[in-house]
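The structure appears below as structure tokens.
Letters are used for the chains, namely A, B, C and D, taken in the order the chains are written, and counting of residues starts over at 1 for each.
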């Protein structure tokens, strides 16, 4: 098989301070489709073009942040093998039973040295993207309802020990390093972008003293024009924009960072190149970190390194 | 590993009737970068954003068409394994020595039941995309020299026995079926789109009585605006446009089909969705084949099924 | 005053064979906003970003085509002066009373030598574009309802005696010639594009033996990406596309030609350069007329000169 | 005539601290075409798609800023009439002889109450846009050389007495008010946008205690994608970006503000709506001035009101 093992980011469970305003943001402004609610009161959403039942789960809590981030793997055999590999590596894993998340099979859960909970799972119900699997149109009205990203794409997490995190993703989970920013010492990394696919990043990490923090969950748009439209819709809805529209040097993607009503940063982004595992990683030096993160401004804003949830 | 086995389309050797006008077309109009010529007189080119030494090889011949189409695989061990798997499947394979193509390692070559020569290889020299691997800009002037696709992307081939072809790509090489068009009988396929990645197609086939024919080699553009620019440049250079700019129903990609001076069709296309192997394939029925191929016109033009090289 | 006299195309009364299917097309597919119906049963529509009450009026009739095309002039004094100037030129003018068209003041009507009825008027009620005149957003949901052009932009009419038509528009109404296509004789024009503004065309004419025919009424889109979206929506609604998306050589605008259910051609187009009256006109020679009309195909399709309503 | 009187912004004479770095910026980075140098050492440039000989003149000086801003009028009779009208209004005018600016006819010069020098002229040599007036292509390689705006579009000037300025532009020169921002007092304007055409602004003013200051000269791009490309090129050339890419609420245009090496702000912008003189002006209230200026951020940056040259 050419695509095996871990396939893609599948779900992110995000804590919001108020469920109603959270739903209003993710469904009505961001434009995700609500697909269910469970007994715990969690709200399930998906991007219009995703086929699996959910990719964002909102949980009401006293503190914003990310509960866990899950990856879909190729099949049950892969799930079993990766569970064994993680244990062999020395990580404790936990099995979450099928159905604990709506329409989602059994999940293998483990904690990264950075303090984040990662999950793997093989099954999530195909509910379709609103178009038939026979003679489909290229898009539906849902593609224009709110900002309407086509998928939940990746996340950027902040925490310590990112070398160990990289080792796990690369040597156990089969990811590869696409880009990295080197610290002032010229040796250690400030940030790493990792891929299990052709995406320039399926997950990324920034070194940070406090464990388990979320920088942003990212949502994919189809064009730079859709990025402009997203920024317009944010302003129409008084969403707090962090920065953008602009371009990242890293990945070349175009981007807006903004905050949900609970203070969780999210990104609507487009493009970037498509990567392959045989490519050598791209390095950004400390003096050019600003250019790497915000290509047009060529400097970080104050919030990039400081504000996480 | 998450991306394993066959990674991507790597090279296409195309026959042109006149080498000079072929080079003029592929280098000066299409905007590929010439990277070398060999003792046989073949001319090597690559798209500006590709890192490997070559992706298009032009060979002067009396008849237009495709000599062979090659895929890069993850590494030498993969190459050996796939060679053994192909033989075990019952296909004869041939080893082309390293260096027979410039800057390219040993290739495993075999013939499909459709009459096409396919190659696998693990090594091609990384010559870079014209930007450093440290603190790169997002693009270079080469990205605006001619039509300037970012990569050679896929090909569509015409020949018989496409069920057997599909079986080899899926069950030996690890591809998956993304979309297919069913014939009037409702059972057999007219056309199949196959992926070894997240691309909606890495290779595609249309059923055709004559073996070994080329419909088109395709080159990737970054945006619909670049598709317009490509059409403008084609007209400025009196390139014969087949159809477009338009959209395919299949893959949703936007497209122009046009012909090189020897009559080989090529495509400049953009977008389409990104696919995963766990997705169920999309089917197009016979009565909607026109919509599937040319979404706006909703009918095939005369040339689509008839003109190949 | 810098913009004086005739300001812009203001309304087009179009004959449709069935009012319901006409409304469905212009309102639900093209995405105009219905603003009223009168006692005669005529339906009034406007593009979302127009401020005046109506720009398209549909009248049910046994034969498709254009009843009349109206221009808004700067004020009542201008209307009186142009009426006098038209009479002094030798044209009969007729006054249509205020209110004969909903929310529209008195109109001065006359017939061109090409057989078309043209109207001038100074007043049409400002109903706004759906956004306040204080602190407006850049667009509203109406901007994404159907194809949603921002305005009715111009028309192309077919008829005889276009030299006389040009003389009236230039020497009485203050238009200027922007581009023209010369016939095989190298002397007379096949087609003329005329502007009363910075638009590359506010009205255009093609020489044709039969008087009073409509080639198309055109609607403006904001970007090439919106042109793609328009083509998608046409296909989703099985609108008969004539040609496009493509580019005109004349005006450089990007375009789709398609037909309403009654067979009236309409255009959704974008861009083109902005012109000034001190610029010398651009000429297209007979051998390049195809390139002038359809820049990518570099030839006319059969319908361009033959199919009018 | 429908377009009469003042036609368009025609030239801006900008002071630069170093001529060589100024030329490098405006020619090589911004992508204007150098068309001449005069005995005083001034350098003349034009945007690729402009037909007149020059639109930007660089003069080396000890202080950055704008020497004067000129408008082309319809013809010599118009020039004479406007000269008389300005005098009748009570303004002193001065005649600059033909040829004092290269390839430019006699200019009528006067000073605004805001301290800016404005010029009117009827003649500037048509040197073409690099394409023939017979069967032209839609663009040339010059359209991709540097940022490559299609024209110098407008300027924004800072100074006192903008009510008087507005009175002159509206009641003597025939401009109309398109948008304005009201001060905290709810009565007086902070800023006014004025048009002599269908452009949402041909010139704009912000109230400022110091007379004769330049906020920016603006250059037109064809698409939001070209705005991204402009930002990329600015970063590649280490141009100091002020803000953007973003959208203005006022005019709806998309924009980047940046600085030339001497500290003169310039803008590369796209779009905005097309306006007409019969439209009522749009008002922005003091509490929404941030949204009016930078629609996505919804607040002014520190530099907008403070940094001028």
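Assume a residue touches a chain if its C-beta (ideal position, glycine included) is under 8 Å from a C-beta of that chain, and two chains touch if they have at least 3 such contacts.
Protein names from UniProt, one per chain: A, B, C, D = Metapyrocatechase.
Remember, it's a predicted structure, so these values are computed and weren't measured experimentally.
The rotation that brings the Cα trace of chain A onto that of chain C spans 180°, given to the nearest 5.
Interface comparison, B-D versus A-D: the higher count of C-beta contacts falls to A-D. Chain centres here are Cα means. That of chain B falls 48 Å from that of chain D.
Centroids of chain A and chain B (each the mean of its C-alpha atoms) stand 31 Å apart.
Separating the CA-averaged centres of chain A and chain D is a span of 43 Å. Within chain B, contacts with two or more other chains are made by residues 137-139, 223-225, 232, 235, 247, 291, 295. Chain B meets chain D in the complex at residues 137-139, 144, 223, 225, 232, 235-236. For chain A in complex with chain B, the residues that touch the partner chain are 1-8, 49, 51, 72, 74-75, 126, 133-139, 150, 173-176, 195-199, 222-224, 247, 249, 252, 271, 273-274, 276-285, 288, 291-292, 295. Residues 224-225, 228, 231-232, 234-235, 238, 241, 244-247, 254, 256, 291, 295-298 of chain A are the ones touching chain D in the complex.
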